[in-house]
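Residue numbering begins at 1 within each chain, and the chains themselves are lettered A, B, C and D in the order written.
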Amino acid sequence: MEIKKTVQDLTVARNISLNNRHFLLDLIAPEPLPLMLPGQFVQVLVNDSPTTFLRRPFSIHQVDYPRKSIRLLVQIKGDGTRHLSSLREGEALNVLYPLGNSFSLPSVKNVLLIGGGCGVAPLLFLAQFLNQNRIRPTILVGFRTKEEVSEIEAYSAFGDVFITTDDGTEGEHGLVPDHSILQKERLPFEKIYCCGPDAMMKAVARLAALHKIDCEVSLENTMACGFGVCLCCVTPTDRGNERVCVEGPVFNIKRLDWI
Amino acid sequence: MTNLSVNIAGITFKNPVTTASGTFGYGEEFRDFFDPGKLGGIFVKAVTGSNREGNAYPRMAETASGMLNSVGLQNKGVDHFVREIYPRIKDFDTHIIVNVSGSTIEEYVRVAEQINELQNIPAIELNISCPNVKQGGMAFGTIPEMSEEVTRAVRNVYKKVLMVKLSPNVTSITEIAKAVTDGGADVLTLINTLLGMAIDAERQRPILSTITGGLSGPAIKPIALRMVWQVHKAVKIPVIGLGGIMNATDAIEFLLAGASAIQVGTANFIDPMASVNIVEGLKAYLQKNHIADVNDLIGALKTD
Amino acid sequence: MTNLSVNIAGITFKNPVTTASGTFGYGEEFRDFFDPGKLGGIFVKAVTGSNREGNAYPRMAETASGMLNSVGLQNKGVDHFVREIYPRIKDFDTHIIVNVSGSTIEEYVRVAEQINELQNIPAIELNISCPNVKQGGMAFGTIPEMSEEVTRAVRNVYKKVLMVKLSPNVTSITEIAKAVTDGGADVLTLINTLLGMAIDAERQRPILSTITGGLSGPAIKPIALRMVWQVHKAVKIPVIGLGGIMNATDAIEFLLAGASAIQVGTANFIDPMASVNIVEGLKAYLQKNHIADVNDLIGALKTD
Amino acid sequence: MEIKKTVQDLTVARNISLNNRHFLLDLIAPEPLPLMLPGQFVQVLVNDSPTTFLRRPFSIHQVDYPRKSIRLLVQIKGDGTRHLSSLREGEALNVLYPLGNSFSLPSVKNVLLIGGGCGVAPLLFLAQFLNQNRIRPTILVGFRTKEEVSEIEAYSAFGDVFITTDDGTEGEHGLVPDHSILQKERLPFEKIYCCGPDAMMKAVARLAALHKIDCEVSLENTMACGFGVCLCCVTPTDRGNERVCVEGPVFNIKRLDWI
């Protein structure tokens, strides 16, 4: 099924600061939302930031169809995200969406979601979607430090949550791929979905390959257009260079040259 | 009634707003946003002799009011274009023009010959100005003799309207323009991207895998306008202008400088509606200023 | 202790941050804001053989992340510089370098000879790249033979450090760089402005009295970085880099690309403190990255 | 006396809309204001306006030394002024000031100030200054239409005010130079100070020349730096091309090639 893309002025309903690097943006559409799938993303036009020329891509963190609202989870990286962090209720934000493919619906039951940093963004939507399909995933999320651990209640509603922090101030100490649930000789998972920094995703991909677990990752290649026309965002796959914004952002690791 | 149509080398464009090669795909991706039939024309992504994977990622760097790209002509080759893509787009209610690229004169000629057979393609745009391929590309476009030679070779086999897209990375754009005109071009398109570079100061590395890439966007508009103006005065054949056009005002500036039509490039990435909005804005400008025919704007810059 | 000083052709600059000709007056105007002695050097406004009134107003057009200017070397001539200005600025606690311009080789030579006599001027910067004068200027800088000839003529009379400022409006910057090096230059400065144009769509007129002018500011940074990188690899003499530097990160990018020092130009207009802030930012970057000597950054771009 | 220029973050104390094209900005300095003279101007850095690269010059409209406050009168022309119009109380604005020369203190008593559009901006400060020097000027100000007529009370405190509107909805109908007080065979003025659109200033200059009245005008040439280093703002004078931002903005018409 082909979902029609649209470019729309959404209205900021809430801008919720989680900590000094992360915030949630609730955006309300003027008309019923198009159907969206977990793993898809939006391209946001950042106004009034002289150093931000192109749109900025963000995963869809949550969708509330009745309220015609989508939620983004944003980490402040540079000028673009800094400008978004100061958006106020009622301001308009021009958004191009929904973009990209999505995570696949698994045919198995033992599913693990792994997210690090703001790579957790698409996993909440995915967890909810899995629940709707009667799958309760295990969710492993990594943060830098205790202050940044957030939305655990939201995740817990959809699955069993495990936490790591880089500095050990909450959950297990260390990086996500080092968490004890991944250190067993045989892992109880049949499918892994992973999103986060490249190095983390590659480590998880190696682990999945080792344990012969099917694994999908969501890439965050830099983008100019986000809807398939510039060919700037490509990644090498078994079919040559493919567009992360159309054929991705979600790829099965079998199709990448990672391992 | 305001007339928006322009005639370029015998082809009537319903309006002078077209889209730049490499920034509009094959037009299909924009159908979610608007009817491509509203545009004067569409210049599709570069087509080469055979499949090319293009350059390695990263291929893009954002710069002040612009961007660098080093896509490197990724496409599936002319056979694939003729077989798979042409049938899908040939009935668009607008002119489809194919951007023809290559590394050797033979490759340009071969692609042009095959496109010549496609009934619904009224013109090709010879890309002798791509900065992102190791051989050919920009090299052809920066040496007058080579520009003329490749143009003439294609002219010999291509029977419809031959447009040639010039590189701005030259000392004298008029010299190249004249050489290409002598080679038999019907129309000149300018400008392609300027060769630039971006560095990540934290990682102490170039941002692009290819180190250098092509600069586009509003940053280059002053250079593009200057070149269109110079070339418009130097040659007798029509000029299609582009480089940093984001809105109708920018488009009007290019028409005033002498462009018979304009292309919208990088702007498509930021606003997929940019090109149709420019058609509307142009119409509004003409009406507000009581100009009955868009042709009255072309080259109308007052310099007394 | 972090070392910020660089040695360029025998001159020790206390830091690699200097200011670009035509954007810093004679340094005096900035004394309200900071002590010019904090800078590595000051490149003063172009000096020509005799008084020039420059071009007519309007001389400036704002563009996307940049500006066009067509000042056209307005200055009171070398005699006035020697008599009136030099005495006022010669004891600044920084290097004063004179930007030498002209319309003929004789004029360049005459100015260089007179500046050669000024004890506290350790170098001149030969401006063979000004796009805003009818004769000479950029014409010299776009033809390798002429670039070499004017450099050699000045080299014959000028006994101190000879810097030559290159025009970016060329097909091959390395070809010009080599010609100028062969002509006897000690240092290359790049880039000067790119030739551009701005149009007022409402009035249907060019904005500048001269129609075209020189583009500067962040818009041109990618092009400048690319040229500095190319020239740094192509010649053995030091390069001073500029073009759109607004902050310390920009400056570091130029150093990484191979510049031994940088110049701050248009940024001075927007923030008179830009240059000293860059000195501070550079120091902070070195400290944060545990780099003891700024010289370790020069040309250190990792491209493997 | 040389006044030292400074670049400072001022705080927006008030942003007062006069009508849909004009507003007043009150800016408070962090330390005592430098001495400023009527005719001088400031260069404002417009934040967060992607299409505004250079600073924007505005005349000093009023000065309140005890409150460390200066007031600007701004007309919305393009993106830069539009951004300024939405500044809120408490926001910071980076300002470079004071710049340029000033109107001269007249040695005569019968003084006429003429302003059109936002060219009235420096005249309020000048009128106040003249009063402090025991001169009560005649003040002739032109507006587009009734809705734009503003600050008449402020002017009236310092002199006798006459008004024109382009559409005749208030005061006399027509352009400023056509006002009846200027149509007499002998004009009772010994000095004219004028600021406004070029065409208006030139008409006034011709009138002044005709009546042999000493006349100073304030130019608004476009500027890159505003403090004398770029040479972009020049005007031809009897001493060659001079900088409007340093040798001006105020010039005696004798020195210009206008008549």
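The rule is short, and it goes like this: contacts are C-beta pairs under 8 Å (C-beta built on N, C-alpha and C of every residue); 3 or more make two chains touch, one makes a residue touch a chain.
Owing to the predicted nature of the structure, the values given are computational and were not obtained by experimental measurement.
Rounded to whole angstrom, the centroid-to-centroid distance between subunit B and subunit C, based on C-alpha atoms, equals 34 Å. Chain centres here are Cα means. That of subunit C falls 36 Å from that of subunit D. Subunit B and subunit D have Cα centroids separated by 47 Å. Of all residues in subunit D, those that touch two or more other chains are 50, 52. Taken residue by residue, subunit B touches two or more other chains at 63-66, 217, whereas all remaining positions touch fewer.
Taken as a graph of touching chains, this assembly is arranged as a ring, one closed cycle with exactly two partners per chain.
Contact between chains, per the stated criterion, is found for A-B, A-D, B-C, C-D. Taken together, the subunit D residues at the contact with subunit A in this complex read 48-50, 52, 83. Subunit B contributes residues 61, 63-66, 68, 142-143, 169-172, 194-199, 201, 203-206, 211-212, 215, 217-223, 225-226, 229, 244, 249, 252-253, 256-257, 285, 300-303 to its touches with subunit C in the complex.
Residues of subunit C that touch subunit D in their complex: 22-25, 29-30, 32-33, 45, 51, 53-54, 56-60, 62-67, 69, 71, 74, 217, 266, 268-273.
Looking at the complex, you find that subunit D touches subunit C at residues 4-7, 45, 51-55, 96, 221-236, 240-241.
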